[in-house]
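After the structure tokens below, expect a handful of questions from me.
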Amino acid sequence: MKARVHVTLKSGVLDPQGKAIGHALHSLGFAGVRDVRQGKVIELDLEESDPNKARAAIEAMCGKLLANPVIENYTIELA
Amino acid sequence: MSPEITPNLVAEHGLTNEEYQRILKALGRAPNPTELGIFSVMWSEHCSYKSSKRWLRLLPTEAPWVIQGPGENAGVIDIGDGLAAVFKIESHNHPSFIEPYQGAATGVGGILRDVFTMGARPIANLNALRFGAPDHPKTRHLVGGVVAGIGGYGNCMGIPTVGGEVNFHPAYNGNILVNAMTVGVARADKIFYARAAGVGNPVVYVGAKTGRDGIHGATMASAEFNSDSEEKRPTVQVGDPFTEKLLLEACLELMATDAIVAIQDMGAAGLTSSSVEMAGKGGMGIELELDRVPMRETGMTPYELMLSESQERMLMVLKPEAREKARAIFEKWELDFAEIGRLTDTGRLVLRMGGATVADIPLAPLVNEAPLYDRPRAAPPAPRPFGATGLQPLTDPKSALLKLLGSPDLCSRRWIWEQYDHMVGADTMQRPGGDAAVVRVHGTQKALAMTTDCTPRYCFADPKIGGAQAVAEAWRNLVAVGAKPLAVTNNLNFGNPERPEIMGQLAGCIEGMAEACRALDFPVISGNVSLYNETEGKAILPTPVIGGVGLLEPGARMATVAFKEAGHLLLLVGDSRGHLGQSLFLRELHGREDGPPPPLDLQAERRNGEFVRAQIAAGRVAACHDVSDGGLLVALAEMAMAGGIGAELEGLN
Amino acid sequence: MKAAVIVFPGSNCDRDVAVALEQASGRKPVMVWHREGDFEQVDLVVLPGGFAYGDYLRVGAMAAHSPVMREVKRRAERGVPTLGICNGFQVLTEAGLLPGALMRNASLQFVCKDVHCRIETGQSLYTSAFASGETVRWPVGHHDGNYFADRNTLDRLEGEGRIAFRYAEPDGSLTEGANPNGSARNIAGIFNETKSVLGLMPHPERLADSALGGTDGTRFFKGLVEALR
Amino acid sequence: MKARVHVTLKSGVLDPQGKAIGHALHSLGFAGVRDVRQGKVIELDLEESDPNKARAAIEAMCGKLLANPVIENYTIELA
């Protein structure tokens, strides 16, 4: 079973990368870019085929490793 | 109390009821929440040193080469030819425990700003780290995050990270220590201070925008951790080294002109500490229009704006006619530049937002009348006498040496410092791994030697000897590379001062440090105090970290640890009395931590050190190493491994 | 020999390479701020090491779009010798002047240490001071030095003698242990088709002074100045 | 208009981060993880409200800056 985990910075947490990308887009002539935030997307290919078990396993992976609970949120999409 | 201020809110701000009464007296009325927040950060342990100030006065801070001692953003010493070295060490212990990468990274960012706000270009960083036991579940995660954070910030800034130390001990399981040190160089006649002057002069905010980062950072630094600190997760400060690099270059470019009257970085307690300290030190008043503060988030309140610890920001007082010249420089470097207020002669901090006055506080009580405590202290228990009888004689020195060299406090630190860019700047004359790092002062033949040292187990066994030994070892490490030791910065990391035995440790260590500084002509010129390093009543070992800086004059020879050539003679300077109390030998091979630390003879230390430095200067020394943790055998093994050359020892019967 | 050093916000080795170039050529290079659309005629353009734009998004991605890069590309395509060191090499790949990309080190950690590099060819204006097959000791200092290109690009680079340096043991043998970042085929530096553009990850400018522990960097810059005289 | 750009490495391109995450998950005791790939997700907040114009602008941003065609693919999702 394939799954996709989105890890993004919590709102209010400074995103230096997003800020720099927005600035670069502006200087490249792209007007009207109000905000840019950069996060990670982690694509997992699991042997587990049962969606509930897969989701539970991924929740544990996020808690332990994939996301930093202090400054990041995560969402899980099962393919 | 006014309806808004409840006893709970006062306690939450880390203020005692007695301290709250002082606020009422200073204001002549009850404070509003913003005013309460401002008092709480200014009177926090971190900013006011209320529990340690009484003892810090013991430390010698003067010498012919000291230009600026403690009290400014960093200390300044004269290194000849019109140049000055500017340096300081500061702690970011609590944030690094919660978020190791960002905690350590913003620690580096903060200390860099303290140095370049004085007008100095940083030339080197060092860091002193303490972690829990290697097998503690959190240690691996914390070490990885802290090292990556220090490298991530320093490497991006292009400042070489050239030295420091790291220890592991269970006492730090719940409270790691991350002390970051920066050394910079400036022209001795172009040092910038925080003292504000000139009624009506514009107060200007430069650097990154303000968000809700790390609010309560200052008070948190003094808040004792309880195990539910995981929930008490303030929005941790996040660093942007790229913006700080722009801020560094912009500030140095502006400092080359005469536009700046006063300047201070926004460190712990952000806009509050910078505005209050600048105006307070100059005996002025200051008015700020908070609507003009560049904000990263919407709907920020005066409280949040004044307490936010967003990174990479500076506050300046400019000459009125220099406004546009300064703005142009900051726009070149693509940084925010906002005039947010002016100096007055009212001696008050007045904040306005949305047309209303949101705070009006007299500066004198805020700056000069912070509470000062002479907290009760208990003399530390006498160290358990060292029972040599229980020790079996050493039958196999080879395996003992291997075990020692493999132990966490003695094994190679290459896996750490190879993650730090220690060569950028192309002035690193001695790389990490020696007794002290040596970095050339660019464009000259001078070089600065730098080291951080502390042996916490000695300080726990006998604070006075431990404090003195930390200073002596830093002095000895500088001498060992051939430098003339000049001055010290210090980071005092201790537990909860409200407990008499911790206060006893703090007082004892400072007394020992003062004695050694005087005996070695090695004054303290800056520093930081971090207290409440404790979880559920279990405190860290007393850790007074000493950051020493010395000078190699043009043409002076530099010594290194590695053996150079077969046939060279080995000379041991100083007498060995076989002292095993508090030794790593005892701990690593016998699992014991008893006995007093080794006694210290400061006159002999100075005599031996000056003898060694004279031999190095005369060109008679091929290699030199101080004998410290692990003792003589470990010191010799380190010299042999560094040079790939063996050694034969006779007369060790 | 007149050189220009391009300075991006976030570059931090610009001074180091300027010092090495001045010591080798006797002339101060001109420092060109990234916003300038044009700069004087020079014999060599250098993109220095550092963290241009904080290396956000991708290393060198944003720097490659700086105003000055249009002029750097124009001159490089006209054959003006263009040297990219570390971050500069990354910018050259993002700007399309060199093939492939520099990815995060295999260890995921920043690495700063001396490495040995084997000179793959002495036939270029950058390496004429060296013999093919000779090894030199240069330091590296990077987080994203893991060179990647698809198979046929690698084969073309190999076939056309466009690999300038490979990470090697002191005796010149190619081992995984000698590779600090996982680069394909131990590649440490490559040329463009005409060998007028060179990108390399190691920093010769950091070992161009005996006081710093080595002078293999001096040989690199002196050889380059000689070749461009 | 809000949009999300997924930038992922082309198959066959080395993914050091993905490999390291897979290794770490394994050592944390998560069995059955066949493959891990890490990419970027860039969240954009544009003033443009017309979906076609927004998509065209983002295509140009990806072509110029957000994705490196040598090693990366991108997909655009409009909120």
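Observations on the structure shown:
By written order: A, B, C and D. Residues from 1 in each chain.
Everything that follows uses one rule, which is that a residue touches a chain if its C-beta (ideal position, glycine included) is under 8 Å from a C-beta of that chain, and two chains touch if they have at least 3 such contacts.
What you see is a predicted model; the values in this text were computed from it and never measured.
Chain pair with the larger contact count among A-C and B-C is B-C, by C-beta pairs in contact.
Our note on geometry: chain A versus chain C, Cα centroid distance of 34 Å, whole angstroms.
Taking each chain's centre as the mean of its C-alpha atoms, chain B lies 37 Å from chain C.
As a whole-number value, the distance joining the C-alpha centres of chain B and chain D reads 40 Å. Between the CA-based centres of chain A and chain D the separation comes to 10 Å, rounded to the whole angstrom. The multi-chain contact residues of chain A, meaning those touching 2 or more other chains, are 16, 20-21, 24, 28, 38. Taken residue by residue, chain B touches two or more other chains at 240, 242-243, 334, whereas all remaining positions touch fewer.
For chain C, residues touching at least two other chains, in rising order: 53-54, 56-57, 62, 65.
All chain pairs that count as touching, in label order, are A-B, A-C, A-D, B-C, C-D.
Interface residues of chain A facing chain B in the complex, by the touch rule stated above, are 10, 12-14, 16, 19-20, 23, 68, 70-71. Remark: chain A residues 16-17, 20-21, 24, 27-28, 38 touch chain C in the complex. For chain B in complex with chain C, the residues that touch the partner chain are 148, 151-152, 155-158, 240-243, 245-246, 333-334, 417-429, 431, 440, 442.
Within the complex, the chain D residues that touch chain A are 6, 8, 18, 21, 24-25, 28, 30-48, 57, 60-61, 64-66. Taken in their complex, chain C has these residues touching chain D: 57-58, 61-62, 65, 93-94, 99-101, 103-106, 108, 146, 148-150, 182, 184.
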